[in-house]
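One structure is given here, and the rest of the page talks about it.
We just call them A, B, C, D and E in the order they show up, numbering each chain from 1.
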Amino acid sequence: MDRRQLIKWLKEPLKMSNKYSLHVVYFCTGCGIIEIPPSITARWDAERFGVKPVATPRQANLFLITGYVSLKTLKPIIRTYEQMPAPKYTVAFGSCPIDGGMYWDSYNTINHLDKYIPIDGYIAGCMPRPEAVFAGITHLWTLIDEGKADGYKKYRRNYSQYRSNQERLYGELGWPPRFETEGLENE
Amino acid sequence: MSSIEEKITANFDGIEVRKIEEGRIEVKTKKEALLSTLNFLKDEGYGHLGLVSCVDRIEEGIFELVYILSRYLVGGEVAVDQASLIVKTEVPRGNPTLVTSVKVFETAEPYERELHEMFGIVFSGHPRLTPLFLERDIDLPPMRKDFDTRKYVEEEFESIPPVED
Amino acid sequence: MVGMKIAGIIFSPIIGVITGLLLTGAARKMVARVEWRYGPPILQPVIDLIKLFFQRPPSHGKTFDYGLIASLAGSIVLVLFLPVGRLCPLSEGGGLLLITYLILIGPLGMALSGGEGANPYVSIGISRKLILSLGYEVTLLLILLSVMSEYDTISIFNVVRAQSENGWSLFSWPLVIPGLAYLLILPAILGVKPFDVASAPQEISSGPHVEYGGKYLALSKLEGGLSEFIGIALFVNLFLGGWSIPGSLHLPAGVLGVFLGVLVFLAKVAFVFSLNVTVSASFPRLRVEQAVKYLWSWPAFIGLVGLIIVSAL
Amino acid sequence: MEIISEKKKGGSSRELELYFGPQHLGMIGNFSITLNVRGDRIVRAEANPGYLHRGFEKLMEGRSWIQNFPLVCRVNVIEPGSMEMVYSTAVENLAGVKVPPRGKYIRCIYLELSRIASHLFGLWAYSKTLGFETVGGWAMYHRDLILDLFEELTGGRVYNIYIWPGGVRRDLPEGFEERTKDVLHEIGEKVPDYNQTFFENRLFHERARGVGVVSREEAMNTGGTGQVLRATGLEYDIRKVEPYGVYDEIDWDVPTREDGDAYSRIMVVRDEMIESVHAIFKLFDKLPGGPVYNKIPNPFKWNIPEGETYVRLESSRGELGLYLASDGGRKPYRAHFRTPSYPHGLTILEKALAGESISDTGNIMISLYVTAPEIDR
Amino acid sequence: MLEAILVVAFGGALVSYFLGRWTSRIRDYFALGVWIAILGMTSYLHQIEPKISTFYPGFLGYDLSLRITSLSWLFAVTVAAVSVLVIIYSFRYIKGHEKRNLFYFLLLLVNGGMMGITLSGDLLSFYIFWEIASWSTFLLISFNRGKALPAGLRYVVMSVIGSAAMLVATLSLYSSYGTLALSDLSTHLATAGGGYVIFIFLLFFVSFGVKNAIVPFHTWLPPAHSEAPAPFSAVLSGLLVKMGTYGLILIFYLIAGMKIFLGLGTGIWSFHYIISALAGVTIVVPSFIAVLQDDAKKTLAWSTVGQAGYIVLGVSFGTGLALAAGIFHFLNHAMFKSLLFMSIGTVERKTSTRDLNELGGLVKRTPVLFVVTLVGAAGLIGIPLTNGFFSKWMLYKTLILEGNPFLAFAALVGTWGTVLYSYRLIHNVFFGQLPEKYRDVTRTSFSTYLPMVILSIAIVFFGVFPGFLLGEINVVTTSLGFTPLDVQLWGISSDSGTVNTLNILAALAVVGVMVWYLFRSSAETTEVSQEDSYTAGAPVPQGRFTYTADFYRPLEKIIRPYLKDRIEDFYGMLVGFVGVLSDTVRRIYTGYVGTYVAYILALLAAVLLVQLGWKPW
């Protein structure tokens, strides 16, 4: 660790620690998951950078959505995202969460994931290679450094919009609103 | 030993048996005779129900149910003579009900659940016709030919506005 | 003497916590190497801790908070009663019997805290943890009783002192038998594979830690590291002679001696720990009843034989 | 009477309802099992699929015959090769396209390689559910070596779209045979290590023996194929009973075990991997020259005559089938995949889990080779 | 003064019965007043010179006398104190019960009987009070009818056997020495032959062992404790069972004396060692049976058997430290077990079940109850800084240092059983998702909480300052001939220094505050509801998301085969056997269970034989 790093650590321990300790909770939503095991095992070893899968959303601060999102999966995704403690980051894998990808006309996959939960970064490709995963993570680092990875704040700010989008999709969601939905829009 | 085609025609009236390609025999049976046919074929050694499928013949106004049966062969046995059977039956699109074949083949249970969900075919006597894959109710079962998935996506997903900060 | 006591009170918990953290980091590195990986930096647990203290986790209620605080506090207090090298501020009171009871505070505090989390995975994890504890505790009690009977004292400090004069218990007859039994149950005490049933992430989503996020997880990680330290420190003190060096070498008196004693002690702890980690990386996890059955077969038998021999001699 | 039936349906209030998946470290794939638990014993298990349902069969009806290739390989991400094979065989059957001999051999080599890759992935998944990340890491590393070969062959790591109606897309590159053999040798050299640390590990035996037993009758009644059947001693392999490609031209064995438990299934997988390696060497030895594909008509204007076909082949998880119907147009009229995990995951899994400990949920699930995407499609 | 206490106790019982026919409220406060007065009077007797006073001259030609020593004072004051708390607790608990008048009468009678037992100066009055307590206990156990009746019957059979054994021993002593006064007997027994002493000891051991539920005689206890009304369960477990302990101390150390008691036999075949071994079994087996119980009160009942094992082990082991530990544990047990029975009683009253598999989530509704139960359970386990820790620590220490590691092993393993069932009790009652049906459980009234809060404060207080009680106990053990212990207010000396609870307290407090500060100063938390819990993504299923049923199933699979109550089976076999024998008797006494009669007849025959001068030794 050189001196610049050290100064950074002392100045902004929050950002630095969040950068170098990304604990991952992931959803095996389809193809992208196939490249997660190589990234965390011998060939690429994500743990070098402190990226490590954990068991529950409570322990995590990085949410990997590894591929297209079907209607049935989106509900657990929302629940899992809401259960993560802030600050939290989301990274979506592959082309499908961006705009539906090759499943653009499927009746069971939603096309734009960021209508329902905020996404801090996309890794394009079908599906992204492990190198792309690492590129995505290093890009997330710069976003964290610049304070641009603020999806959780955005979610808090625009919760009523997110919630209404989620409810339009499902009708009843099965759990009460996380935050107050009234009176936030004007802020 | 007579071939399976001869046996079937000998035992059932009004049944069409036709070889469609090497190792595949099509058996067309009436809706009412379906269970007895399946039972008979199971007793003949066709114990492996590979697939229960359905084809929406919208122009003819029918659903064509497809049951694919084959034998569990072992050792040196080769399937050239022991062809797989493609058992077919028809139900009208207007009133798609059929008796379940779960009692004959346990494997049919999830397949029939799926067909119920995807085509709206009601299998009477099925132990649980609960939704299998889909999260929300779609008015028209999605695998039917008249279900336009692109229009559905346009209406249901694309209409949701993006979140603006 | 008073100065040393105060130094002990201040330093031994700090040493315990830091060693616990570093051991966790080292374990991750070592396991990574067995798996042909490079592994995280050795300070990774510290980075994780800093991050966790900045997160904003949800809480499930008062018991959820205070149970965890009590758990960590209990474990830290326990370190005060253990000789860490020659630092042993409170070890003259109560001795091993007190330790066997103080050891309970950590897990039970966490169990209470997790209980209010109202998650069945927590409950299953705690149930497994208690069952597993019963499994190894039977042997551990036999071992402790052997040691206490052999040295005719209940004070752990006296045990260590006797070893520094007469040689390590692990290499002396008849305490070698309970020593072996201790080595056999040590993975279970540390909760490493094949005995990590209580927090099996692939079965019950990390068990008692399911509802912990942010600082809760941080505290429980500190507690976890500390309890690993305690498990090994107990072994080192009882069987590897604490601060003493083998042979005719003697540590100098005074501050330097205390310092060197701590270093020697920590070196032994690190050695025993690395032994366990390498073993653990080459085993799958057992089911809990298989683990208990194992713990009640050979280790308990050896422990019993040890106690019989010790009390007969 | 009503009370009894309601209890049966809803379960007693003393039973705990536990969700194993979708977001669970022990769950490989996006799948969910609802466990009704008493103590740590599973009273009843209910498989809950659909998290990966994309409606492939509907999408395929809207795309042309060739456009469907990117779709079919995505049905199963773990072993896309067999998906390509089953679809292109079906298309060939309907259109009457023939495959040249070299094409057939290369197809088989490719299929066997992807079978090994799939099995290594399964080994990773299985050892991970037992908490044995060490062996899992090794297996994942070795799988990556095979994926490198695919990358060289086709340009894609996972989704290769190498098999094509009429053959394969391109011939083997220069020196590919040697490099493949090198990789296989490298993996083969580690087999004793695998054996020592995993397959002959006493703790693995304790965890896997007698767990999740599926008897032969049960497996046959519920549509079990692949390892599930072979672990009960039945030598049932589509490559033997209905040979496709060139499997009838080389000499190879079907490994079996007798007990039908998780241990037997995993050991069958291990033996199959070794058998596949041997098969690849034999295939390379017999590899003939000549073209690797027969020309097909312009894909954009390719009408396939009316008809229907059912194709089946042996994937790494069992019998993979495709029922494909054409109405004479440019697009398939109906496609329905018969995926091996479907009966394994929805029928056999529920039965095998009942009465077992919750510790063994993942153990049983992965040993049955339940792969979520191909159930949901 | 001594007579006054008994007059107030029994007179109060009668008066409260008649008062209750008039008004229940005044009866309640009157009963409380009576026992507060008794408590006051008893406390006033603190460290009084041992004295004897005759209160009924010429009962069948024999003078009945009362006597107070430091030992009996300690027991008497415990009885009085717990009785006061139980009466306060009963206010609410028994309210609305149709026979509450009878309940108060019997409760006061039992408590009075126990006061009599502790204060009696000769074996005959001891026997009389013993019987008063025993029979009113029977009526109280069967108070709720239904399942309680067989439980009561089982108790009465065992109790009659015990009483008969005591009667035989008493009569034998009288016929041998012509006196029953405790102070006289000790001089006589010192010169008696070893065989006779063992005979007397065995008879008394049967009698007190039944009451104290030592392993072969324990079978009555679990059903009785679980079926009795909760306030009485507290009395039963905390006090009445321990009258057996008092009797044992009386007979072993006061009448026979330490020398005789410890001098019977040698090595592991000595009398006191065999009793210690029995006590060891009493610790281990019931503690693990308690782990497997589904009924909260049954768990506590089996736990009572196990804890009684610690007390008997302390009493019988024969060192001063052990005896002090035994007496100390008796006091502690009276505190935490009464507390636990009260709290489980409250839970049962609120939810009308005590099935551990049905309960759950109550911490959200009744936090105070949770805290007091937690303190009680901590005392039961023996967490440092609760009173249970200290008594157990003393016991272990003497067991180890006197060269009995195996007994120490039994005691320590028993503690692990205690940990397991205590945690399960806490977890299954208070933790987990709050079921829908308990959403509207309300907090309980002040009078229910008051005794529990007092007891829990006492548990912690005497855990931090054990010296208060140890000082008193030291006086007792010294008066029984042991060397005094080196007792301080917050500890006791050991070979390695002083166990200093204040050290532990200070360390825990300082470290706790530091950890708390660390916890508080880092990022803030948001409180979430119970429904917001990790479920692998799915919403929480209502009412079926609590892990309670078969909590220790993996363990159960291993240990259940070994933990069958074989003694129960044995008795069942015996009853069957006697039933066949007494078929003729059954015909004469139609409608009554013949076996019990056979027991009584057999024992009466033994009495007669002894009276006729048959000397089996």
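Methods note: a residue touches a chain if its C-beta (ideal position, glycine included) is under 8 Å from a C-beta of that chain, and two chains touch if they have at least 3 such contacts.
Just so you know, these numbers come straight off a predicted model, no measurement behind them.
S.K.: Going by the contact rule set out at the top, which chains touch both chain A and chain D?
M.R.: Touching chain A as well as chain D, we find B, C, E.
S.K.: Identify the chains in contact with chain B as well as chain D, in label order.
M.R.: Intersection of chain B and chain D contact lists gives A.
S.K.: Could you say which chain's mean Cα position falls nearest to the mean Cα position of the entire protein shown?
M.R.: Located nearest the centre of all protein C-alpha atoms is chain C.
S.K.: Looking at CA centres, what chain is most distant from chain E?
M.R.: Computed centres place B farthest from chain E.
S.K.: Determine which of the two chain pairs, D-E or C-D, is joined by the larger number of C-beta pairs in contact.
M.R.: More C-beta contacts join the chains of C-D.
S.K.: Hey, how far is the Cα centre of chain C from the one of chain E, in Å?
M.R.: Roughly 36 Å, centre to centre.
S.K.: Quick check: how many Å separate the C-alpha centres of chain A and chain B?
M.R.: The computed centroid separation for chain A versus chain B comes out at 40 Å.
S.K.: Find the geometric centre of each of chain B and chain E from their Cα atoms only, then give the gap between the two centres in Å, rounded to an integer.
M.R.: Their C-alpha centroids are separated by 71 Å.
S.K.: Can you list the residues of chain E that touch 2 or more other chains?
M.R.: If we look for residues of chain E contacting two or more partner chains, we find 532, 534-538, 545-548, 551-552, 554.
S.K.: Listing for chain B: what residues touch at least two other chains?
M.R.: Residues 133-135, 142, 147, 149-150 of chain B touch two or more partner chains.
S.K.: Among the residues of chain D, which are close enough to touch at least two other chains?
M.R.: In chain D, 16, 22-25, 27, 37, 40, 50, 53, 55, 58-59, 62, 136-138, 141, 357, 376 touch at least two other chains.
S.K.: All pairs of touching chains, please: list them by chain label.
M.R.: Pairs flagged as touching, ordered by label: A-B, A-C, A-D, A-E, B-D, C-D, C-E, D-E.
S.K.: Taking the touch rule as given, give the residues of chain A at its contact with chain C in the complex, in rising order.
M.R.: On the chain A side, the touching residues are 13-14, 16-18, 20-21, 23, 41-42, 45, 47-50, 52, 54-61, 83-87.
S.K.: Spell out the residues on chain A that touch chain E in their complex, using ranges where they run on.
M.R.: Within the complex, chain A touches chain E at residues 56-58, 75-77, 79-80, 83, 174-175.
S.K.: Please give the residue numbers of chain A that touch chain D in the complex, ascending.
M.R.: On the chain A side, the touching residues are 25, 27-31, 33-35, 37-38, 41-43, 53-57, 68, 70, 72-73, 76, 80, 102-103, 105-109, 126-127, 129.
S.K.: How about chain C: which of its residues touch chain D in the complex?
M.R.: So the residues of chain C touching chain D come out as 31, 34-37, 120-121, 124, 127, 193-194, 196-197, 200-206, 281-290.
S.K.: Can you check the complex and tell me which residues of chain B touch chain A?
M.R.: That would be residues 133-136, 138, 142, 147, 149-150, 152-153, 156-158, 160-165 of chain B.
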